[in-house]
Amino acid sequence: MKKQDQLNVVFLNCTLKKSPATSNTDAFIKVASDTFKKLKVKTETIRVVDFNVSYGVSSDEKGDDEWPKILKKIKACDIFIIATPVWRGDRSSIAKKVVERLDGVMSEGNKSDGQYPTYNKIGGVMVDGNEDGAKNAAASLLLDLSEQGFTLPVNAFTYYVGEAGPGPSYIEAEGDKHFFTNNMTLLMVHNILHLAETLKSNPYPTNLNTIEEEAKAMSK
Amino acid sequence: MKKQDQLNVVFLNCTLKKSPATSNTDAFIKVASDTFKKLKVKTETIRVVDFNVSYGVSSDEKGDDEWPKILKKIKACDIFIIATPVWRGDRSSIAKKVVERLDGVMSEGNKSDGQYPTYNKIGGVMVDGNEDGAKNAAASLLLDLSEQGFTLPVNAFTYYVGEAGPGPSYIEAEGDKHFFTNNMTLLMVHNILHLAETLKSNPYPTNLNTIEEEAKAMSK
Amino acid sequence: MKKQDQLNVVFLNCTLKKSPATSNTDAFIKVASDTFKKLKVKTETIRVVDFNVSYGVSSDEKGDDEWPKILKKIKACDIFIIATPVWRGDRSSIAKKVVERLDGVMSEGNKSDGQYPTYNKIGGVMVDGNEDGAKNAAASLLLDLSEQGFTLPVNAFTYYVGEAGPGPSYIEAEGDKHFFTNNMTLLMVHNILHLAETLKSNPYPTNLNTIEEEAKAMSK
Amino acid sequence: MKKQDQLNVVFLNCTLKKSPATSNTDAFIKVASDTFKKLKVKTETIRVVDFNVSYGVSSDEKGDDEWPKILKKIKACDIFIIATPVWRGDRSSIAKKVVERLDGVMSEGNKSDGQYPTYNKIGGVMVDGNEDGAKNAAASLLLDLSEQGFTLPVNAFTYYVGEAGPGPSYIEAEGDKHFFTNNMTLLMVHNILHLAETLKSNPYPTNLNTIEEEAKAMSK
């Protein structure tokens, strides 16, 4: 169990609502977070909208940009999970802003092998909404995470949505008692944990600098 | 190198054009396939449209359905890559049909731990088009693969598309000499290979049956 | 009411299941179809999977391709509605095949003004599923219809989906008694009808040939 | 030409970059805007990021929210065009925030027929990026506009993107001289204009209150 003790997960809550407003996404995160805790993983949840995150695609937009504070925690985690509510059948504008800012890490490759700071971390996605849009939101986030350095296990995502149209959201709908969603959440957590431990002992040997040279040689 | 010798990759070419018509997607696959071969991985490419694949969401739709022939090869591979052309800014209708049929494996969990036949395999996605649509196509395929049992490495996808509007496709555009695409392809291949070896030695211990019970206990 | 008598709507049912299997999408179409009938619009529903539609992106792929039979009816209609089930959070592979084939009309511009046969027709989208994916399916279909010649009213789409996970589909879930969905369906039908009548009396004067010349003059 | 004189278009530039930074999206808008001007339509472009737009889904989030200023102009326009850059293969987070906020109008139905303030306006979408993602961005925006009260003509969108990977954006790539894009832009402008004039003379007679009653009667 030693390894598991060392693992930590960071959840980004991408709700549109600032603290202390009730966040359904926060309640959903809690289910995953509690499961991680039982498995001896340290957890932390960051509510992005409470920070002054600038628009942009770099790791530091300067001025009063607070993304660097969040990014520091992402860089220090083993497991990174983006949790977003569904608005208009898609991830929230906060979740979109997060992946725009995450592009910055791709320019932070280290000198030895060019791997950027998110390499060898595991990613996951949680989506909750009162209705339709979870898979659409999840798909684009999985693509982003895969390109931005994260490895994705089987069932890298979990979601809750209700019937078509306005209706109760996660808390009121008792999403925490919805079997399908709980099953997906548990699968995600267990698979993420296995992959995090495995990858920690077996990091990618990929040398991005060498590959870049090889790609250049193949190209015009 | 022993392990790598044992690994094999199956590519599904989801072009709309039957053999022997020239397939741009086939030319794109070849770049990845050749790279795998150099790394001692066995490769096979299946052109789905040449088979009589029935519509449906099961592993065998009976009658003259030839999906079971393809599925047999998917079940025997270590690495599974869906390659699709872009049509209308999205994956081809053949690629969509493939993931519909792949849902069948999710009902084929084994008795001991409920894992389905695709668990512990690595997935990847390749998309080529004359224009816009690659990331949209890739995102939905990554979501499908993740739910259908596959693990996705950093950079689990690679793509080539040209400028907005009609224009040359992969072969004519010399996509095989496009640096960005080649770089993505090499990264995908190398990261897939590492993850395939790693996961082969460290399969998921996840017991889907136990988790299902646990999820039931949490739910109403 | 004279004009309405002359209007006719064609629904394409993009279910994966051949007749005479029960189709939830068919039951959903019936609600819209019955509403159109009450408003004196002629209706016809075509179940695409019952036809031998070839893969491709032209209006006639020759051989035993039966798309021309369907296309003939689309060309003769005033209102064209694509109805698709959700599979894997997206439109069905049949619905995707339909829009691939519809690209063919864009090469059938007439000599006088270059407008293709679908210009001045109204489009609509219906999506039903047991769970999540309706808006994603609808969005891509609306984009396709807009580029392929159709005009889209306010509320050009309607959908029914249930809660996250496996569950009852439209018929079993009594989607025909789901208020939100019925409201969307009625809005779609009424708005489509108004726009169809309006556009029939006021067709686009747009000359695609002249515009092409103008665009060439602006470009390099 | 009288009617055209009365028409006005509002463009929302959803770039991530505040004034006075150069915006490629702005340069792209200019092509459409100049075409509208030649056709005697008044034009105005609003750069959303220069305003303090709060997160939320209502028409006024109070406090220092400046969305009401923008919304006022949207309510006063005949034609509404959302222009967004591509980031991560999708619309910008600003464009997403805009459609989240636009949901507010759907609660502002008037008493007589329940139509909300955007009914009888025409919508359009412009997307520019250095690479892949335009159709994905456009599709979700078209869905939003259709539900939020706008009518969409044939070719309701236009876009420019370059080849896969990093590369020149609209200005540097001379997107304003790209034939395909210019052709799409001109088609969009001309079709929007026709539909705006037509709908102005023939507004929807749809009574949302009556339809709601009818839908209730059909439902449980």
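Order of writing sets the labels: A, B, C and D. Residues in every chain begin at 1.
Basically, contacts are C-beta pairs under 8 Å (C-beta built on N, C-alpha and C of every residue); 3 or more make two chains touch, one makes a residue touch a chain.
It should be emphasised that the depicted structure is a prediction, and the values quoted were computed from it without experimental measurement.
Visitor: Could you tell me which chains are in contact with chain A and with chain B alike?
Guide: A chain counts here if it touches both chain A and chain B, which gives C, D.
Visitor: Between chain pairs B-C and C-D, which one is joined by a greater number of C-beta pairs in contact?
Guide: C-D is joined by more C-beta pairs in contact.
Visitor: Would you mind checking which chain's C-alpha centre is most distant from the centre of chain C?
Guide: Here the answer is chain A, farthest from chain C.
Visitor: Distance-wise, how many Å sit between the C-alpha centres of chain A and chain C, to the nearest whole number?
Guide: 36
Visitor: Which whole number of Å gives the spacing of the CA centres of chain B and chain C?
Guide: Averaging C-alpha atoms per chain gives centres 30 Å apart.
Visitor: Averaged over CA atoms, how far is the centre of chain C from the centre of chain D? Could you give it in whole Å?
Guide: It comes to 23 Å between the two C-alpha centres.
Visitor: Which residue numbers or ranges of chain D touch two or more of the other chains?
Guide: 88-90, 135, 139-140, 143, 178-179
Visitor: Under the stated contact criterion, what part of chain B meets chain D in this complex?
Guide: So the residues of chain B touching chain D come out as 88-90, 131-136, 139, 159-166, 178-181, 184.
Visitor: Going by the contact rule at the top, pick out the chain D residues touching chain C in the complex.
Guide: The touching residues are 31, 119, 135, 138-140, 142-143, 146-147, 149-157, 174, 176-179, 182-183, 185-187, 190-191, 194-195, 198-199, 202, 204-206, 208, 211-212, 214-216, 218-220.
Visitor: In the complex, go through chain D and note every residue touching chain A.
Guide: Answer in residue numbers: 16-18, 49, 55-57, 87-94, 96-97, 99-100, 103, 140, 143-144.
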